[in-house]
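Order of writing sets the labels: A, B, C, D, E and F. Residues in every chain begin at 1.
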Amino acid sequence: MNEPIPLPTDLLLPTETESALDVIAVGAHPDDVETACGGTLAKMVRQGYRVGIIDLTDGEPTPHCPDVATRLAESIRAAECLGVHARVQLNLPNRTLMDGFVARIALARQFRRFRPRIVMGFGQKTAMASPDHWQAMQITDAAVFYSRLCRWDEHFDGASVHAVARQLYFRLAFEPDVMPGESHHLIVDVGDCLEQKLASIAAYASQFDHKPKIADRIRAAALVTGSQAGCWAGESFASAHPYSVSDLVRTVMSV
Amino acid sequence: MNEPIPLPTDLLLPTETESALDVIAVGAHPDDVETACGGTLAKMVRQGYRVGIIDLTDGEPTPHCPDVATRLAESIRAAECLGVHARVQLNLPNRTLMDGFVARIALARQFRRFRPRIVMGFGQKTAMASPDHWQAMQITDAAVFYSRLCRWDEHFDGASVHAVARQLYFRLAFEPDVMPGESHHLIVDVGDCLEQKLASIAAYASQFDHKPKIADRIRAAALVTGSQAGCWAGESFASAHPYSVSDLVRTVMSV
Amino acid sequence: MNEPIPLPTDLLLPTETESALDVIAVGAHPDDVETACGGTLAKMVRQGYRVGIIDLTDGEPTPHCPDVATRLAESIRAAECLGVHARVQLNLPNRTLMDGFVARIALARQFRRFRPRIVMGFGQKTAMASPDHWQAMQITDAAVFYSRLCRWDEHFDGASVHAVARQLYFRLAFEPDVMPGESHHLIVDVGDCLEQKLASIAAYASQFDHKPKIADRIRAAALVTGSQAGCWAGESFASAHPYSVSDLVRTVMSV
Amino acid sequence: MNEPIPLPTDLLLPTETESALDVIAVGAHPDDVETACGGTLAKMVRQGYRVGIIDLTDGEPTPHCPDVATRLAESIRAAECLGVHARVQLNLPNRTLMDGFVARIALARQFRRFRPRIVMGFGQKTAMASPDHWQAMQITDAAVFYSRLCRWDEHFDGASVHAVARQLYFRLAFEPDVMPGESHHLIVDVGDCLEQKLASIAAYASQFDHKPKIADRIRAAALVTGSQAGCWAGESFASAHPYSVSDLVRTVMSV
Amino acid sequence: MNEPIPLPTDLLLPTETESALDVIAVGAHPDDVETACGGTLAKMVRQGYRVGIIDLTDGEPTPHCPDVATRLAESIRAAECLGVHARVQLNLPNRTLMDGFVARIALARQFRRFRPRIVMGFGQKTAMASPDHWQAMQITDAAVFYSRLCRWDEHFDGASVHAVARQLYFRLAFEPDVMPGESHHLIVDVGDCLEQKLASIAAYASQFDHKPKIADRIRAAALVTGSQAGCWAGESFASAHPYSVSDLVRTVMSV
Amino acid sequence: MNEPIPLPTDLLLPTETESALDVIAVGAHPDDVETACGGTLAKMVRQGYRVGIIDLTDGEPTPHCPDVATRLAESIRAAECLGVHARVQLNLPNRTLMDGFVARIALARQFRRFRPRIVMGFGQKTAMASPDHWQAMQITDAAVFYSRLCRWDEHFDGASVHAVARQLYFRLAFEPDVMPGESHHLIVDVGDCLEQKLASIAAYASQFDHKPKIADRIRAAALVTGSQAGCWAGESFASAHPYSVSDLVRTVMSV
């Protein structure tokens, strides 16, 4: 526990006072969050919620990206496409991300800082993809818990405890990853935000310019996910807890 | 298809004009619906929705019930406890209920008559319990479909087609029955309607007076179901379709 | 067992001698098979296999189709789009299809007639869709077995027994239906046959002309299914048996 | 309900007075029960329990069996191999067995006659095998319930109601059939009864003489099932209910 | 592997000679074991088995507990409520518990010391709860294996190897946590020990005095778990192995 | 990341130039791979593929093995039984194997060296067995990814990146371990290589000479696995991705 916590990079600070966020989506690398739930984040912004993105690592190096600054700049443009209010990069090690005290505290500090009601993140291994995703899930699970632990002020610079109310798991758009056990799924209708999502992904020219079919695949994933729930385009979220509703008619009739 | 469709018994007709219902819950026997989702129905009534119950059979004979009229009277009292707006009994054969044209049409006629937006019913075999439950699931699945079939007026006395918008599956309070495959669960917070639910069940003196522990068990089931979703008491519903939501924050933060 | 077996309608008889088929796909209604596995059937035809379609019912009436003859004509055009060698309609009752002796024998007779090595069909309930799908699965399961039963010639006009070697379950393109239990999935790369599939569906003008978005959805479903297996577009099949392979490298490296 | 209930054939009546049985295993055809749980039945007999077998049909015709009498005689010899106390054949229709009133009552009558504490039977579809297995599961589920229904004496010749205490599902030895949903498995150590099981299967010369590898496969299935639970050879049973134990140490340390 | 193994704290040593235990339940924090399986432990003690509890950490700090000594004292009182014969605290780090050599050895040393036949512990992530639970599962899995590894005496002060015969997974009373994959469940009838369980939980005044509803929820969880298995109150255990039984009738008829 | 990567031991170098392999199977300890997929490896060799085995650790000490050299010699003989072209031992720590940078790089270096098209390895926890298996799965997942990461030459001595095309998960022959979530299984027909597999296992005299029943169990596991897929003896593989096939008839009709 003596390894230093890396300093975060604030990519997109609100000009206004730094107020609390309603939702934070956590990815391992810049573009994870856009691919998994960009449409939902854009929609939440339109609905008046305050939304943030946390990238655990800078995601570099990758084959076609000249330097870290380029990926950073892309992630700012992607955030602008979605209209989110904050984006923070934690500078944890890309490719060798491991669950542990340092990573958990680095993320929990941001939860105490931005005080989100909802946290979204990876929920499963992703087949033949980065092991960072599996570690990110464990780090996010732990950080949600760390954020509400009292009597640990020494690790938080005096930031007061914050209890995240709900934790959701997302899935990468075109991966067949599923949640283990008995999961509880909701699909967000992103029909009116699908173009914003695709624009935010296209902002990562260094990652996707050489994969011209990616937009077709992500659009297809949104249509199929939406079809399952009776809307035009959708993104899927799961929770280990079932959802509690007070007005069942309104909930199941929505959209 | 030449077997006659039995005439339904309207137990509790609204004094007002016979207007459409928002929700219909379908049971095989009187007391199935109360046990599975009585709290939710009571809550919906309080929220201003119009709610109905359909019992496929009269549920008789049973060991301690003197006659059919007694069970009928109990089911009326139970409906009054919940405050529902209509209760109809289809007079299909108890104990030998079988999925088929007669049962499907008898139920679909009620869907066209009451035009519910949501239909709830059994979703699975119930272990070592009545085979009527398994047949009821198949009948309800089919009747939801029959209700929206055009060009079949000869079976519906001219009642126009009606498309049920959402179908939900309930579970008996204290049964470990689960939905097969990938299900999608919602839990309704019934903390403020739990006593109404228990009163509606107690109305069936012929069924439960000799099982004094039943109220404890049903109360326990509601507490455990609620605990899973972070509310005091709950009832659980599943859908073969995932749920579509337009405002994810409001949905997952509800209750 | 005294109810007469309806006479089948041969829609598209090969001009050549009536020789055996490699594959038969069984649907409840004309357009089921095209939606579920039209791309795979077209691909098989190109690969030199002999392929047939059996529709258990005529699928009529439906809202926008003027008469049975129109649907029949559409199903012929659809079959021509796919290039299949035979299409047979069994004239079992649409909407009230029920598993039983009559339906099983009617289908098994076709299996003995065409002697397919592989039979494909429904594998599960389809949520809020026709109960005929659930019955079709049970009928197909039974007919595969009936086809190989010796000492039952009286029901088969002397057609000799035929053992179907493999049975597969398909899924409708845009339905979240899954197989229960531990299933075994294969995805067929239909990238080069996707347009043929869409053309065969478009042939059903009476069913889809008023649903202009259907092609987009079916195309999206094919892209997502393909993405999961690393090909451009796919259709998914399951088996209750796991697959046996002799050359693992060639099988898993295929495509 | 006017179709007559077929008369059962008692194959192996105890010479003693017809006393109650502890366990009844129900198969669709003679040899189902031997294949699924012959070792367990033999073991129970050794342990002093009274055990019976009910075959719903006579299983004939089959390819190599000259007549019904031969299969009957084989089933008697098989029962003698296992040492069971009663075997009854219900003479329901082979190949076209269907769940319904007639079959349910025919089986429930035997439950009231022999008053078993435990009933075992099919729990699932069996892939590419007889549809009678799937119907047998539904019939057995219903008959267990019918057996305890009061006020139905007219169908039972005055036999008093009987509540089966536990219902278990078996699996055919070499089939990958699994129980749907969340099942609860127990494996019976049949190491000391495996040869008896194989002898009982060998008694069906008409079914297995032309399949010389069957004994190897069934022996292998027993070894693998046993290995999973830490014993030499086993047979597997599932229940939709979890098992209740009073002495956990003794239960989990057994064998 | 050079990090020192922390010294355990023996909270409740038997006055008699330190003899072997039949069962050890492992929790991450004091009160985990009571919540998960306090009733079962109390029942085992009554049945004459020797039972112990191991807490991996001291569980502190928590919001309302003044100091570590208070929690320790509470855990002694809880153990006395249950009547267990030994309780040991391993002084591994609370909140930052991580699977690794130090934790595995610390726990395995206790298994070699107390030589339990059965070990119980966490079997899954617990949603939005302490990440220590997920780590505790991995530590316990590994320590069960380490305990029986020969040729490793240098880490065990000469304690001889010990093979734990059975490993079980418990679940926190009111959590919807489930075992992944195909699990095998047993439910222990704790009807006569439920008050002891609640007393042991109430002994943790620092943890539960400000959560007055907790006893109601835990009681409800026991009633629902019991209902599923046909007893009044129960606690649930799972195993990755299916259970082997020698006397199926006695096992399934128990309670 | 400063911990040194241990040097591998090449057990069986091809006399020819060190050319690429088609398949690499990764085990935690020598004999894991033989038990899980020895028949498949032998079959692939016969089919002309180039096959290798990587053991992450030396597997020692074990109860009956005198020294590391003995186990090494046994693993060479086992490899000779199977006819594989290369076997490498990574000298990572037995018993305390942990997922992390050192282990991932050590394995990824071999993937870049031998450039396999297919990698096979553990896919799940193995109940009450070595925790090294669970860690091996995570290491293998990560190393498959590391192997194709560009811009990391400093860790690979200039070996160029290599993209493994397919990753498969195996299961130990007689363990009930299953893949979590929705898996995709293939069974390889190893009927003609079963004796080779058993010989390769028998080569580990230090591990199995005192377990005379092991050959019977492994043979039984192969027969049961094969029976499920319609072949005489089989080994099972799973993938998190479904399989893509181009010729469905040939694939499902194979064997």
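We take it that a residue touches a chain if its C-beta (ideal position, glycine included) is under 8 Å from a C-beta of that chain, and two chains touch if they have at least 3 such contacts.
Note that the structure is a prediction, hence the values are computed from the model and not measured.
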Number of steps on the shortest touching-chain route linking chain C and chain E: 2
Any chain that touches chain D and chain A: B, C, E, F
Centroid-based (C-alpha) most distant chain relative to chain D: A
Maximum centroid distance from chain E, chain identifier (CA atoms): C
Chain copies touching (chain E, chain F) - same or different residues, decided at half shared: different
Rounded Å distance, chain B centre to chain F centre (Cα mean): 53
Chain A and chain C: spacing of chain centres that average the CA atoms, whole Å: 41
Residue list for chain F, restricted to those that touch at least two other chains: 176, 178, 180, 182, 228, 239, 241-242
Category of the chain touch graph - line, ring, star, complete, other: other
Which pairs of chains touch, using the document's own definition: A-B, A-C, A-E, A-F, B-C, B-D, B-E, C-D, C-F, D-E, D-F, E-F
Complex interface listing, chain D residues touching chain C: 61-63, 95-96, 98, 124-125, 127-131, 134, 176-180
Chain D residues touching chain F - in the complex, by the definition given at the top: 174-176, 213, 216-217, 219-224, 227-228, 232
Touch list for chain E against partner chain F, complex: 1, 100-101, 104, 138, 141-142, 144-146, 149-152, 164, 167, 180-182, 239-242
Residues of chain D touching chain E in the complex: 22-23, 40, 43-44, 47, 49, 117-118, 165-166, 168, 182, 184-189, 226, 228-231, 234, 236-237, 239, 241-249, 251-255
